[in-house]
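Multiple structures are listed underneath, in structure tokens.
Next come two complexes built around subunit A: one with subunit B, the other with subunit C.
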Partner chain A sequence: MNMEAFNDRNVADNGYFLVDIEDYPTDGWGKFKRVVKRSFKGELFVGLWVVMREMIRFDIHTVQYPQEKMPIGPRYRAIHEMKRLWESDTERCIGCGLCEKICISDCIRIDTKIDENSRKEVSEYTINLGRCIFCGYCAEVCPELAITHGGEYENASDQREHFTMYEDMLTPLDVMKAGKQLEFEGFGSITPHEDERVKKTPLAY
Partner chain B sequence: MDTAYLIETIIKVVVILLIFSALAGIGTYFERKILAFMQRRLGPMNVGPYGLLQVAADGVKLFTKEDIIPTNVVAPIFKIAPVITAATAFMAAAAIPFFPEFTIFGYTVHPIVADINIGILYILGMMAVGLYGPMLGGMASANKFSLLSAARTAAVFISYEVVSGLAILAPIMMVGSLSLVDFNNYQIGGISHWIVWSQPVAFILFWISAFAETGRTPFHLIANDHEIIDGFGTEYSGMRWGLFFIGEYANMFFISFVIPLIFLGGFGDGSFLGAIGLLAKVAFFFFFFLWTRAAWPDVRPDQLMWLCWKVLMPIAVINVVITGFVMMF
Partner chain C sequence: MSKITINIDGKEVQTQEGEFILNAARANDIFIPAICYLTRCSPTLACRICLVEADGKQVYACNAKAKDGMNITTTTETIEKERRAIMEVYDVNHPLQCGVCDQSGECELQNYTLLMGVDSQSYAIKDVDRSSHDWGHIHYDPGLCIVCERCVTACKDMIGDNSLKTVPRGADALNADYKAEMPKDAYAMWNKLNKSVIGLTNGTDVLDCTSCGECASVCPVGALVDTHFMYTSNAWELNQIPATCGHCSAGCQISYDVKHGSIDNPEDKIYRVMNEWNYVSLCGAGRYGFDYQNADAIKDEEAFNGAVEAFKKADTIAFTSTITNEEAYLLQKMKEKFGYKLVNSEAKAFQTFLNEYSKISGTKLYGSDLEKVHTTNFIVSVGSALKTDNPNARYALNNSLTVNKGAGLYFHPVKDPIIEGLAKSIMTVTHAPLQEEVALYLLLDLFGDKEKLPKDIVNYLASFHSEKTVTVTETIREKVIEKVIEKKVNEETGEEEEVEVEKSKMVPKKVSKEVVVDDNKLLEILGADDKFMETLEKNLKKKETFALMVGPDLYSHPNARNLARLVALVEKYSKFELVMIPALTNTLGVSLICELDDAKGSSTIGYNTDGDFVLSGLGDGDLDMPAINQQEGTLTSINKRVNPTNAAIGYNGYELNDIANALGFDAQNVIDYTAKLPTMVGFKAEKFDNLPNHYENDGTEVRGYVLENVAVQADDDESVDKFSDDKLEDCIIYSANPVRQFTAFTQKTTNLHEKSGVYMSEEYLSSSDFNEGDSVKVKTVNGELTATVVSDNKIAGSIVVLPTFDKKLNSEALFDGYRFSKASIEKV
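Up next is the complex of A and B:
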């Protein structure tokens, strides 16, 4: 989809113009003239013709929703997903807790422990979706691009506090093995071709 | 009164009731589809092929819904109001000749329930009685939107009765009869004999007031959803609301019969072609009701009054006077 029309704020060049509206008549004769003009100008028939034309053209724009769906933008923020590393298929989350910290509705709960290799490991991670406002801060703050938003917007729950667990959000291993994990392109993700712009840190002064 | 006549009349009544109740349902389907196409939508699609069974689904819904009488309404009037709308709409149909007479098994059938000599007066009167439905329903309900709608109903119908009455007066003067069959026979000579050529102003005026009498856009302010919820229908549910609906659509069909009968030659010489022609004209007028709904905005109540009393009524009076002079000399 071409976003140009939405991003261009310079309305003056976009074919916008002021509609020429006559002043309202104040005296009786002027009003009478306006009535006569409106009665015989045939504007009503223009309206009739327009809808008739659309009916004949039959250019239907209906999306028959459950069968057909509109594509959603990459920046859409629906239920969270937890990504895995492409190299090793292990989870990206390092348990830094930044997402828990930044969450403005306090709905992330994270607990970590030290595993047998003396590495930090996430032992518990839940998001209370009843409280989440899908602001995207967690995805933006995550240093590892681990927590992101997905595109799943058809959700229902039989309770208000619906918790989603770490395991449910994590990309399943078989999907990962098939190389089908979708990289998040929305809020907080890396700009495309960012690596070309990376410069070496100047060490010699 | 002999038995054969009685049986024939009863059969005719039942047939008209059944056909037009069904047509009212199918009319809603056409309305949805045509409005949808004009607005580049698809309309009902899911119930049956192309949504054709939507009417049946709606019917089942309306019939099985709980019949709610809200606490603060005036119950007897609230209950009877929808019946008035539906009943008067069908009663008006008694004087409409739907088809030319035809012979079946050697028996001549007149497809009109009662060819009374005051036909058109009776039809207009019956349709005017129908206004008591929305009005009483609105006043019996216990909310202000319904009350507003009742007030609007009274205002609209009173004023547009005047316009339709005066507009129809000129053709009546020419034909010299109030029976719709006589109207039809007056124009039997073909297209050049149609009253619309000699009375174009009356035709337009009557057409405009038909919109007001059936409460259709652009004069839909009686139940304007975007201003006063559903007006008189706000507190109605289930089949009572459905009766209002059937009444409105039956009225649309009947007025679509009356306009061609008076102005456009009706069923002509009574041949099969003439009958088909009448149906085509009816279909056009019904379609026009839907067409304007897609195309035109609603007018405000004060604009409606202004249009009626300051524009249409003087034109109608002048039309009657001119017709009188022309007929005199």
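Up next is the complex of A and C:
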């Protein structure tokens, strides 16, 4: 790996500059002088005046949450979603358990069993959102692009532990039927032009 | 066998003459890739990946024997190419289902594919339909199978069921161009692989074997999986608890694979049992009978106080041998302190047998163990239903028969198709019950050193021999001259004329001859067939090491003392090395640690058995006790090894140690007693936490410690009684369990569901008017019981088997100690 970028510590060339900040006082007298200076300089009123001015003008730039919400970036990592296959509308999750394994805050648990068609079936799946740190590893490790992050960030809870279940995360069938399932563009998604890099395996058919 | 030195990749390695290169390398931490080879079994040569160069020649490390001074290179450029091509071939058409495969990364195909750096594929073939099969307790997915035949090898060379074989795959032939393109071995391996998949030998689609599951455990990929485990957990989620199997006296190394039960149930649950399959083979009970824990036990203070009261009042403790050495020690200490009588009839019988044996042998314990039986080449078994008393003893016998070109001799009244099916070189003698003495006398007669044996025994044995004249028909080839009329062309006249020609021919002719042969009456008494001596002589060729396994039939025999002395004499005056099969898990430990009494007193505490106050690991008593898989402790195995076992599953109730502490003993944990086990009888003052539980790379067993075989004062008296002529005839019942069942603990498990009832062989059912499912009343002089008839194709002959694993059946009540009894059976 080329370490040049890391070894060049001359920040000035990159458009960075050092800010001229006064040194902090170290002795008692210096600290006293700073307190007196700040108290009588009237800086407080400068800030208060700005608030007052804007209040009178009614020209407010603050987002009026929760009436108003900012659009979330496609790579934002909020509450997980479980995707369905475009071809058949069935669940993408195969129950491999890699998300459970990789989860560094140990908040994913998965129960699997054999179903009546002798296939592996996910019988239960939970994420403890109280523990989840939204690192995105689960989405990155998922071989099927089944678990991804979504834009839903409102997960405040009155309890430290709170769980989300598989059914809640799964794309609803009507959304799926309407073709409105969104692919996640963040961690774990397919990089553009992936198929050009694939080496084809010979087939005898 | 002599020590030799070979050189592998520049490293000097000491090994035995005739050892396979692969094993020599493994024992010295040198890595040679290999898939199809199983230690202790014969080389299969399916994968060809263990290719190495020995003295400049390419050989397969798994079947090439090391020679002194050999120079071995484990990788060369051509070998690398071969190996990579082989792995590429294995990956052809292998489903990319690693995400759902039950092997979940513990996959040798994955490992070697990555190791050989296979990142692309150059070969292709059209796949055939390889849909999966449900074989009962095993699930087979031919799609995942790489046909390394490890399952077939294990089943044949170790287990002896011969239930698996390769069957035609029905695929197209390989593209002819590949022969020139591909490395030679890779092509040859593919050519073979492409023709086969694994199938069953019994012609059906359901396994009918002794259900050990060893085939699934040796499978390097996820093709063979235990049906109960399918898709329940990934291997990496499971916490492996090193333990010792608690079902029989073999004391196999196992690990309980444990994980939380489910999302809703955080309590630990055992998902499966794993073993070091290169060095130890499990039976069905060990592999599938794992969830026998006493699950719902709680600290019931009232019951506990009741127990303490009961202990204060009682004068007898009755118990079974499914307890640890530490608990046995604790019981013995209680006896010493409070004067309890300790009653355990099965261990008592074994103890008496051992003591009587010691009087002649001069050692506390028998001389050999099952590990040695694996390497001997002539094995005799007397007095044990081998496949159910101790499955590992059967594996040792079978392993010797198939891999060491050994031969065997199996004396038992119950005909056993499984034992008879192990190999051609096993001879079975179905003698009448109570005639075990005759079998041992026969061994003395056939193998004993007549010069050293006590004179009266020699004379006694000689009294059975007589000379008899038999007419033998031999086929000899005789020269016969006959006149034939041929048509010939007369050269002079050119005409065809008939000429008489004399021709000599060799013609086989049967001649009867009178020969004087030795007639051994013992053979006749035992019911051996006429060809016995002839076959034996053939089987004894090139045999150097001999093993004798004796079983529980002898310990409870009315003449057990005499049998013990006979066994000691066979060991002393012949080449036989002796192994005794203890009847239950820790019978050997209990019989060494406890002073046992014969009769119960007036008030009895029963530990896992009946009593006025019952402590039970099964959860059906007055106070709950932990089962073996919930305890720490040591178990003494048939191999005279003190094996540690750990608690796999949590236990919330009281244990024996708590009661002992309430009665004035002081030990925080029951394993505090491990170091105090009596050194007088061979135990070591070793702390539990210092006991290892694993195998080394060369197969060395590093588990617990081996009991010292303490020398005891031997009597000069080597006299034995003449055998008694008593024998049981007509309708006989035998106390033994079906395969996979040992005790009420195995019955409790969810995966073992053998039916309880009266076991009759198919042969007996067809010749009698009983049918499967009939309700029958079995009556002996000691008692009677009513149960349903179960057809069992793992036994033959007319002896009816009554299992002991079902407490409700209470079959013990029908027997008077000895495992056989006369009975009358009638339909109800």
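Keep this in mind: the second predicted complex is superposed on the first by the 131 of 205 C-alpha atoms of A that agree within 3 Å, B and C clash if a C-alpha of one lies under 4 Å from a C-alpha of the other, contacts with A are read in each partner's own complex, and residues count from 1 in each chain.
Keep this in mind: a residue touches a chain if its C-beta (ideal position, glycine included) is under 8 Å from a C-beta of that chain, and two chains touch if they have at least 3 such contacts.
Quick caveat, the model's predicted, so the values are computed rather than measured.
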item: First, second, both or neither for A:50, with subunit B first and subunit C second; value: first
item: Touched partner set for A:97, first subunit B, second subunit C, both or neither; value: second
item: Per-residue touch tally on subunit A - higher for subunit B or for subunit C; value: C
item: Subunit B versus subunit C as contact partner of A:156, first or second or both or neither; value: neither
item: Contacts of A:201 with subunit B and subunit C, given as first, second, both or neither; value: second
item: First, second, both or neither for A:70, with subunit B first and subunit C second; value: neither
item: Contacts of A:18 with subunit B and subunit C, given as first, second, both or neither; value: neither
item: Common interface residues of subunit A - those touching subunit B in one complex and subunit C in the other; value: none
item: Subunit C contact footprint on subunit A (complex, rising order); value: 94-98, 100-101, 109-114, 118-121, 124-126, 143-144, 199, 201-205
item: Residues of subunit B defined as touching subunit A within the complex; value: 34, 36-42, 45, 291-292, 294-296, 311
item: Parts of subunit C lying in touch with subunit A, wherever the complex brings them together; value: 98-100, 104, 120-126, 132, 134, 139, 175, 230-234, 236-237, 262-264
item: Touch list for subunit A against partner subunit B, complex; value: 35, 44, 47-48, 50-52, 54-55, 58-62, 64
